[in-house]
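The two complexes that follow have chain A in common; it is paired with chain B in the first and with chain C in the second.
This part shows the complex of A and B:
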């Protein structure tokens, strides 16, 4: 139908075309710092360079580490908060709304305010932590802590997302199984584990996939907090691609790395859609 | 679920109190630091009561062309919103009305366009816009943001169109209205809340975006998010100015959460949770 065509055309021109262009670049030697050198066809050599380089594998591993750390904490804390804000008590609506604020803040601003908190010597976070007897932590200056510093900022911003989705699902659950379970004399934990959790599972799966896809794109917070450092301890895939393309001007290598990450994200997206379709048919 | 007992209520409030402190302190810090005089910015213990100063805001707009960067952000966000809501809603209408087994695939294809990592296409965009002479123009960002905003609008509006009763459209068709007339006069007005929600989401995502704005703009079309980040490197860490700029940037998002939180679930989960 004619209604569909304009949007498809726009999307084709603005996303598929650049992706095809990235595909084309990934087989060329393209050094932006040498604009007059012809962009020769180099076969798979960019891919070979990417896939055999320790830097790329390191970036891939850090991306997944960060994904696992942030997702697992967001899931546990988010579901916990959802259980709290769905209690039938006064004030829960306001608490729920206030807790959603971090999500709609620009990630750059999130990065900047956490930088303010982590800042060596001056930052307030270590000052607050000294009240519970903790020694100052070198948040962004130590390779051992930098990834955690980023994870905390991301967890702060996106735990509300899990809470919001879970709370929405909790309020739409049917009450009957609960009454049955309670009559059977189960403890609260048993009811949660065997009645609530199985019903929440489809929603939680969707939420986790959406977060996982986003976790793959993380850039702004890291750019502000550590720029991938110290060393390469927080260099995720996006920063690796950025560095290859805009620091070393190796556009071909950057494009090849982009394509490899596209393949991984396509797998994640396909799994997400499969899980959505299963819910709809079930 | 049963009403919690007194002890349980106290526990719930205590835990939520802690959560609120954790999640709201950074926002309070942005607001308070933006009006805190520089000499006491890092005072220990933190100065809670002080004479607020507006010097950081004044500096922002006088020593820096922050007003211009805000206007750039507004122009880009409004442009992309208008573009995306127009193309997205007509496409959503088609997807909602045509019953065909491939339709689902097309809908998912459109959605997947939103999920690709921006960094993967930033290099080609850079080269394409450089060739077209569009680097450092608002138009470049409007085009790029629309690639993320059109899929979002399509998915949100599809949900709203699905809820408009078909019988109303059929009645209008009997009255002799054509397809476009039905869409414009019957369906679209009924899905108006969806248009508003889509528009606000498109606006905020464009307003908040950083990566593309950083790569594709220079001094002319720079947006507010990039400008705030540049204070970091250029002025030997002007925290007051950074926080004042941050506060200005976070206003639209916070207002949105406080006024339309019931639409957030739908928008942020692409309709997969309602």
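This part shows the complex of A and C:
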């Protein structure tokens, strides 16, 4: 028992205590700008403020939009790449390694890299577009494009994750059913659809699930690229929380918003595992 | 017209040649078994016929048509794999349906074929199950059913019984035999188990190191082996081999002096070195002092039921004799044994080829 103590102490100090403190804060009025004003108990009013705020609902909606866009493209492209790199073709080993690089870069650096690419006037991307005779695109300066710009950076970074997991699953599939299908004359698409995909499904579900949790918490790339702008067109939940806490200095409201997102994510996870279990028993 | 023809077929992996120009004819409706030790190229040959491996050189024809460049699906073959190769997430019925899909049959015909195969193979109750819910023998039957519903011109089997236990192996072996009698489809079957080969084959192809050593009926390869390899590979326990020399109408070796069997008279030059081959059943007990009997000490006896195997020592050769179990000698006893002259084989020690013809 005594040996567990240090670990439990660390866990308490780094995880449990901040959470309890955030819970405590979420029921208080706490303005960082007025540090000497007592933090009075305000009941559910912080939560009420969060849930009725158009900004919060907007952030929630943008978070989900971004999630749907990035996850669906990452899934399709990731599986496609996995199918490609697991072919026994020359150069596939190297391709596989190179494709993993984006995943290993810190999201802040990814944000900076894409900032260089997107930068108005000076960005490389528009420079290349001008070569092929296209007009420059206001990547991060137009509310119509900013979310897509972020999505592209996120897809670039995390598609390799889906690819890696899928490729590992693909190489573990036994080859004989594929030979049987080849002799029988099933088309490549039929084989993919009816032999490969069903066997990959459990792995794909887990990969998408892990990505979904991450996508829900997305922060760094957006902070570097747009800081939630232009306007609030890319303000996702974590940026909203950050803004409440450290721009408006409403620590209580920020804490309440964190808890609301925590509950949403827990509910999503629970529903997900429920549906997974239903699938398996069916 | 032959169902399958191989002419000087070669298989190379990179610079390594593993099948060295083999010739083979499989007739329509025939059950042909490729038999040989591990690594001799049986699977490789079968996979070339299936189209899963390219033919490096030579010509491969199915039903009189050159198929070297023809895709597997267009060769009219169906294959049963050693590890069944069933689609793990599909039920038995779906496995068969998926195999039928490329044929584009209507639903009623698909159902009819599945019912028919299920009836023949006793899969009726199992149609809704997934492979993981089946025993090894049942999976093997499903794999056969999946091949059968496509009504191919040729069935290819790669060691279909090797993952089954001994008892089940006998049972499924019988079923494969019955299936062939019933359907009359050409079969090319790979195994390293000579009992399977002997019981199932119309024709056995004995292979070694990427060469065909002999092609013949089970009786032919057993009774008239072409060479020492076939002679010792076929039959269990293996044929006894004794180096000897032809001297004055007699075959002499240490502790051994036999008359040359009349079949070989005039064919053997004086002083020729030979290898005498005789199966354990060709050695039988004799009265002490009988003509041409060898006297030997019994080292071990193995009781098999009706028969017993005697491990005996003649000169510095260990031989095995198979005799009736009743009244068998005990280890340490001296026995007299005669060589049945009608089943003596003689081989050339240099080439290993038979001297019997």
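Criterion: the second predicted complex is superposed on the first by the 252 of 282 C-alpha atoms of A that agree within 3 Å, B and C clash if a C-alpha of one lies under 4 Å from a C-alpha of the other, contacts with A are read in each partner's own complex, and residues count from 1 in each chain.
To be clear about the criterion, a residue touches a chain if its C-beta (ideal position, glycine included) is under 8 Å from a C-beta of that chain, and two chains touch if they have at least 3 such contacts.
All values derive from a computational prediction rather than experimental measurement.
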| item | value |
| --- | --- |
| Touched partner set for A:190, first chain B, second chain C, both or neither | second |
| Chain B versus chain C as contact partner of A:267, first or second or both or neither | neither |
| Partner chain in contact with A:134 - chain B first, chain C second, else both or neither | neither |
| First, second, both or neither for A:122, with chain B first and chain C second | first |
| Which of chain B and chain C A:68 touches, first, second, both or neither | neither |
| Which of chain B and chain C A:57 touches, first, second, both or neither | neither |
| Residue contacts on chain A - larger count, chain B or chain C | B |
| Chain B versus chain C as contact partner of A:199, first or second or both or neither | second |
| Partner chain(s) touched by A:161 [first = chain B, second = chain C, both, neither] | first |
| Residues on chain A lying within both footprints (that of chain B and that of chain C) | 182 |
| Complex contacts: residues of chain A adjacent to chain C | 174, 176-177, 179-187, 190, 194-195, 198-199 |
| Chain B residues within the chain A interface of the complex | 1-4, 8-9, 12-13, 15-16, 19-20, 22-24, 26-27, 29-30, 33, 42, 44-46, 87-88, 90-91, 93-95, 97-98, 104, 106, 108, 110, 112-113, 115-125, 127-128, 143-144, 146-147, 150-151, 154, 183, 204, 207-211, 214-215, 225, 228-229, 232, 239, 242-243, 246, 249-250, 253-254, 256-258, 261, 264-265, 268-270, 272-274 |
| Residue numbers on chain C that touch chain A, as the complex places them | 50-52, 71-75, 77-79, 81, 83-90, 98-99, 101-103, 146, 150 |
| Chain B partner contacts - residues on chain A that touch it in the complex | 1, 3-4, 6-8, 10-11, 14-15, 17-19, 21-22, 25, 80-81, 84-89, 91, 95-110, 112-117, 122, 124, 127, 156, 159-161, 164-165, 168-169, 175, 178, 182, 203, 206-207, 210, 213, 216-217, 219-220, 223-224, 237-238, 241-242, 245-246, 251, 254-255, 258-259, 261-262, 265-266, 269, 273, 276-277 |
